[in-house]
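This report concerns only the one structure given below.
Labels for the chains are A, B, C and D, by order of writing; each one numbers its residues from 1.
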Amino acid sequence: MSAVFLLSCPDSQGIVSATTTWIAEHGGNIIHAEQHVDTGADGELIFFQRIEFDDAGFDVDRDAIVEAFTPVSDAFDMQVAIRFTDVATPMAIMASRQPHCLYDLLTRWRSGELNADLRVVVSNHPDHAGICEHMGIPYVHLPVTKETKPEQEQAVLATLAEHGVDLVVMARYMQILSNDFIAARPLQVINIHHSFLPAFIGANPYRQAHDRGVKLIGATAHYATADLDEGPIIEQDTFRVSHRDNVAQLTMKGRDLETVVLARAVKAHLEHRVLVAGNKTIVFS
Amino acid sequence: MSAVFLLSCPDSQGIVSATTTWIAEHGGNIIHAEQHVDTGADGELIFFQRIEFDDAGFDVDRDAIVEAFTPVSDAFDMQVAIRFTDVATPMAIMASRQPHCLYDLLTRWRSGELNADLRVVVSNHPDHAGICEHMGIPYVHLPVTKETKPEQEQAVLATLAEHGVDLVVMARYMQILSNDFIAARPLQVINIHHSFLPAFIGANPYRQAHDRGVKLIGATAHYATADLDEGPIIEQDTFRVSHRDNVAQLTMKGRDLETVVLARAVKAHLEHRVLVAGNKTIVFS
Amino acid sequence: MSAVFLLSCPDSQGIVSATTTWIAEHGGNIIHAEQHVDTGADGELIFFQRIEFDDAGFDVDRDAIVEAFTPVSDAFDMQVAIRFTDVATPMAIMASRQPHCLYDLLTRWRSGELNADLRVVVSNHPDHAGICEHMGIPYVHLPVTKETKPEQEQAVLATLAEHGVDLVVMARYMQILSNDFIAARPLQVINIHHSFLPAFIGANPYRQAHDRGVKLIGATAHYATADLDEGPIIEQDTFRVSHRDNVAQLTMKGRDLETVVLARAVKAHLEHRVLVAGNKTIVFS
Amino acid sequence: MSAVFLLSCPDSQGIVSATTTWIAEHGGNIIHAEQHVDTGADGELIFFQRIEFDDAGFDVDRDAIVEAFTPVSDAFDMQVAIRFTDVATPMAIMASRQPHCLYDLLTRWRSGELNADLRVVVSNHPDHAGICEHMGIPYVHLPVTKETKPEQEQAVLATLAEHGVDLVVMARYMQILSNDFIAARPLQVINIHHSFLPAFIGANPYRQAHDRGVKLIGATAHYATADLDEGPIIEQDTFRVSHRDNVAQLTMKGRDLETVVLARAVKAHLEHRVLVAGNKTIVFS
């Protein structure tokens, strides 16, 4: 049982002391504390902090913490988010036909590796109904065509709302989300792109990689924003390939990258280790 | 003492048998043989082969091999290059101020790791004269300005010709070579670009990488062609970074990548393991 | 449709020519051919070769190839194995409680990534009956105790025989196989050990790794032999960890390594790219 | 200009608050602060912390800090070390014949990458006198035989003392140091071992690796202790090899690993990011 403070504010002297002292005075025992000072777009310094503390002996009620912390947060003009590690984040997974990322997340979730409350799987194809039934997770099939896209997206958003979802993981969901969809779920949608961004933006990155003759392929997990493939990157990795690999083989080798890169990003989010600074992320360890 | 055949031709049946039989009949003992079939721009299949054989008991004189091999090479319409592993490739290194790639190549060369006959180091700065003198390698200082660039490039080409150089390694030489220079040395110039191409083409790739918030930095060694940073890639690699790394730290961490990626590419070339297929390379193991 | 020759013999001149010429004369079009010369225990040179050829126009019947090839194989004292890529290898998976390797192999198999005919899953626990039923694979539950081990192993062997299995994959099967079991299935059992062998042989490798304070954890896939964790290594990889990782976290991070290392080894075996030389493997690309 | 506190003490509540508040009250602006709680041999929890702060406006003189900090350090029974980033650590390098680690460290030092005051290079061979003279570093040649080893080690220790050295880097120094030598320089000697420890302890690790048929080779940088190759590991890494690599090729490929792993460990030490906990290290980022 621990609480996590995610803080950001203009940099100044005494922030670390102020926050850690406030927690200690109220009976919290600090387990981890990391901070980072980043330079904003205008050159100003911005302070980011993640503090995790054992709240077994904490003398403030959970729903009163934000208010009680006001003297500190006001003094430094802080943005504050508070999470609790014994509260699993309500999560949805969206998938199309390809199973690898979906199955991987399901397996991790079932083994207890993800601190998520998996509430629903949404897909524009019926393919994965069986495995979801087997695992006891509602499967909502919402097919989509060019014509029905607006309605389908509304149906998806309604499904997410109905299930009280706070995180949406696009496990190789092959539809481009509209700006309206993204705007409804700001920094709540994690996507996996099958290239080392910003290389090979857009369609068919493995074909692009093959045509360019690269010696490594990559995968990138990022928050979805209105600009396609331009959102804040959470995690990336690469894998060695050679002239022997045709597009089909690159695609197959890439799957292992996609699953593990997406899984790492989702875990970082679920463990409340990710803060967003402009178009970048700070991922604490 | 071994000979290396580098062959390419339209794909057809019986090539492997024909080449290996010809070598065996003349007393060559095959040590390595690798082949690859690539798809050309027009969809036609192209066969590439590298055969290395011990030529101790070979019954054809070295300078008569090409002619003697004509019955086979004509039959399959082959392009043929023949190298000998006991003949070190005459090499030049070009550098600017930064020492890391240059020093690394010098150290490898001196330890016998590179099968190169290092004949000259050319630089637009005087900085490395001392180390080259220490190692007994001619150092040619050819400063350059925007105005003097054509003359300076002619002087560089003259220096390379004077020293009989067959391979030019750009060890972080910070001048963009003109198309005339490249045309004079086709597929004889290896460059190191400090990004994972095709991401971050052009100037200041570490700044570009920082601005995009990537989680890995990269380096790419490629043959220099008229299109900047677009030549056939020989080797690439990446290294993990984080939000903590500012541009200066990315630059420092990138140096280790640049040196090792460039060294691997140079070694592959010197060991006659690289064949070029269109804008891609085949790097045999 | 292609055929694969896996050959080994004492090294001598003319082998490559003899084998490739024989194939060409019978109408086979060589797709890949790789060879390697290894030094045996007594210092003698041993030649290994893998040749894959399109057999669409081959003029020898499949079941007559070994005999027809006798003139070549006898001349060089060869050991010969012949495989066909359109014949999927009959495979069994053995698992205990942990699902990650099993689920990963099932997902790959179902997506067509593995050239295997998955016939049965055997486990000493009932846990995975549901997923196997969902996927339509027979699940044989054979519980084991110290007392019943000999009988249980006989039952496992009988199950494997009944299903005509040629490859047994130990997907974190947590029982040590007896020498009798191994002797019944020589070089047919692939095991995954959760360390970078030969470091941390035996029980609890993640605890051993934590106690030693290593900065990387590893996984090793190998053929099971009578000597525990001493069989020929097929594939290994490592992953970065830090002082922050306790044994539970090493275990969790290690799972991703185990699944991918085991999958790569199984694929290499199923694609007939592995030859065994003494206690080592040659894994062709 | 910044100061670094390296602290360790039995874990208890309020430590982070106490240390950061003390620094803030004296005018220090905290740049980085990381902590870690480790479990000691007896199961007790030990708290480790690294705090780096800008000391431009700090109101305590540098040589009075330890005393001034006593109220905090006594209250928590702390071990305290204080470093300053504008004070370069006096360093010696020891080498034998092989140049790669030595040259690499010299190049990094000269480019300003290492926060070290390189005072002397000591070797049992004369080989590197020229390069050291070229770089203006004293080179002390102290040959050694089995008979003269005790005297030679005394001469080495005298040289280190004479130059006021605080860190000794064994850049592939091929002599085993006696326990007396190690005892004279506790946790001040960093060694590079050319394997992934604890695999392949002792002599000829590349031969051992070849004999075992591993698919990766490794390198390990560690503090030298009385038990050979058993000291606290600072950094490790691995590199992929194959059946094609004989012992000579493993040795050559391993050099790149050795240089980069040793360099990373030396940098971590020089940046005061390493704390030792029993036989393990905590390496802060």
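The rule we apply is simple: a residue touches a chain if its C-beta (ideal position, glycine included) is under 8 Å from a C-beta of that chain, and two chains touch if they have at least 3 such contacts.
Note that this is a predicted model, so its numbers are computed, not measured.
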{"item": "Centroid-based (C-alpha) most distant chain relative to chain A", "value": "B"}
{"item": "A-C compared against A-D, more contacting pairs", "value": "A-D"}
{"item": "Chain centre separation (chain A, chain D; CA means) in Å", "value": "37"}
{"item": "Shared-contact residues (touching 2 or more other chains) in chain C", "value": "242, 244, 285"}
{"item": "Chain D residues touching chain B - in the complex, by the definition given at the top", "value": "99-100, 103-104, 107, 110-111, 113, 130-131, 134, 242, 244, 252, 255-256, 260, 263, 285"}
{"item": "In the complex with chain D, residue positions of chain C that touch it", "value": "36, 38, 196-200, 212-216, 218, 232-238, 242-244, 277, 279-283"}
{"item": "Interface residues, chain C side, partner chain B - complex", "value": "13-17, 20-21, 23-25, 27, 29-35, 37, 240, 285"}
